[in-house]
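Questions regarding the structure given below will be posed in turn.
When the chains are written out, they are named A, B, C, D, E and F in that same order, and each has its own residue count from 1.
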């Protein structure tokens, strides 16, 4: 490779995917009316849904041979296995074991996605990359970012 | 008003709204496996969901006094009452009586929205406008248009 | 050119530009309160503004030599001279002579843009193209189309 | 199915895909300077490229049993085989036999895509659907529509 | 709540709103030609306008009971009262007292919005959240971020 | 200027531009099949292309007289000279001398753009601003950020 990569260059690479899921905001420890007071129409019995947009950012140094931070085909496979298979075309309250005792807010879902991906990326044991940020859009107007803090 | 509106001018005015709903593609006359063959993961038991984007287009001649085709505040109210109240934060299979015996595909939902809005706009008895098109995006990649044909 | 253009092919070519303008919806023949009743906060005294997005569509047959319907550089120049120079960074009520006796609604502005561009395109005397549609977005949610009818 | 589909309903279903390709606007019958005069920097020797966005619209009547116009999974497969395999990650001038004697403008590419898809859809021999429109965006600002006329 | 929230989780929650306003870039201490030299057509006398897109980000720890960082309905109300009521459908130079002696650039407007929202959020006296960032898009191409530094 | 700017205010100003380029991911030190193993169809012989979207962010304190961080007209000129002139309508592997011995991945391109712009901005010798971030989108789904680390 050329001079550009003679000094280490730390980059942040983002990949965006979409999954379509239903959810209901409902805390089983509360009454119906307590739930309605906190969650409004988001607590409707059968749930509603979203086209969730998920932006995953990893960080690390550019590889001198490939010019990549990380092989995006491999990242795409990881996201298929860990995210799409778990959440896409699912009802988050019923179909996702990790969320069964949770209220599946965007905040909670972003945190869960972080935990899943961090564990998977650590298993690769590639010192060059770390998970930097999970950004989850519930709609075009609402988003939650979690950075592992 | 000025010379611009001395001759009649036929315009098409579009208004876009969003609603968040869950649905399940499932024909109750078929077995589970027949449903899965046709609808794949869209037939998962508890449903999934979308941020539906709905673009309503009305057509007619510009009013010489107001410069409007139709008062957008009134159109906004109609869409609140007829669309948001019916579909937003709902599970289409369970919560929408008009869809109970349907498979709530985007096609069927677009047709239903047309029927609802056409009836409501006819009730206004304003000769200047007619419903021109219902365009419904299920995701950024899939859309259905219905023009009442 | 090749076989693809041996038979005439009628295409619709769209070009999108943006201009930033202020306007006030106010009919000088009416009182302040009549204006407020019709236009609400759009009638506020000093006006407000928008990033108008304008999509111009021309139609005609693909030229056998160039593979173009029309030279987009020439179209870009026309739009600079006729649209950007007239409307961009202007207050539509004060700065645009053609709109002085109008209420500059999106409908009226779309009609005016049609009249300006149709005259200019006719002057080119190129039989291959005609103006097909003016589509003007006031916001991401509201748009008006005019097709010269 | 329910009452909604008791009368035939004609819908237009759109599916959007993206492909990334290089091209050079260059007519081999002309000199370099004639090409530069017509195509400007689009005639640069090695070509440049785009994220082409392609919106395919088919039309027909909603199927009474499925609630679909057409199985989108099947449409997706057709687009993979006919469009992605041919154009994605290709240099249009070098890699696409159908374009070798053409100037691969957006107009020409839209017409070619129409011819390919119309032939493929006719082969399905499904009377319910016809190809309605090919819309191809070269950038967010430029698009060409072809409807088979 | 479940195990996911047993350790504190710091999240960043963003909410986006739009307001439509006019403004003129003009420093009253300078001559017309000095203003034109600095601000170009942005100094035109009656002003022009924009669809401002405002993204507010707050940060803090996810609440163990609700799964929320902060009630988005309450945030929505705050933004209605503090931002929409002040700026929407206004001419920033004439209608906003806080901006009367300012040149209402995007930078200045972002700083003002920060000051307004920080004071309001401090008044809630909710230790869990702080204002993290104000991001203001004047157009799709230009944005200013202010983080209170 | 007014009270708002009596204390220093550090802002981040972003400007987005687009350029259309072709590239081929190919390491000349490797065989064809090694390249295909790493880069897949991105290593196709003649290259493919993208509408690259580039977001440049500069940071510094708002100027008390102008209300600007930096004159956006000047920034626009710099981006025309340094970015558009170099990369737009080019084949990155053939036409950009700085990339000739590189694999022109998005990572490498983002780093090169940083180096070019940082040098240019330092030459202005304006203490108020520094380059903060280069963000380069190859497609709507993939982006790389580089902050000079």
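We adopt the following convention: contacts are C-beta pairs under 8 Å (C-beta built on N, C-alpha and C of every residue); 3 or more make two chains touch, one makes a residue touch a chain.
Only a predicted model underlies this, so the values are computations on that prediction, with no experimental measurement involved.
Student: Which chain is most remote from subunit C in terms of Cα centres?
Tutor: A
Student: Would you kindly tell me how far, in whole Å, the mean C-alpha position of subunit E lies from that of subunit D?
Tutor: 42
Student: I'd like to verify one number: the distance from the centre of subunit B to the centre of subunit C, where each centre is the average of its C-alpha atoms, in whole angstrom.
Tutor: Using C-alpha averages as centres, the distance is 27 Å.
Student: Residues of subunit F that contact two or more other chains, please.
Tutor: 140, in rising order.
Student: Would you mind giving me the full set of chain pairs in touch?
Tutor: After working through each pair, the chains in contact turn out to be A-B, A-E, A-F, B-C, B-D, C-D, C-E, D-F, E-F.
Student: Taking the touch rule as given, give the residues of subunit D at its contact with subunit B in the complex, in rising order.
Tutor: 1-2, 4-5, 9-17, 57, 62, 65-69, 71-73
Student: Where on subunit E does subunit C make contact in their complex?
Tutor: So the residues of subunit E touching subunit C come out as 18, 20-23, 41-42, 44-51, 88-91, 93-95, 139-140.
Student: Under the stated contact criterion, what part of subunit D meets subunit C in this complex?
Tutor: Subunit D reaches subunit C through residues 25, 27, 38, 40, 98-108, 110-112, 115, 140-147, 149.
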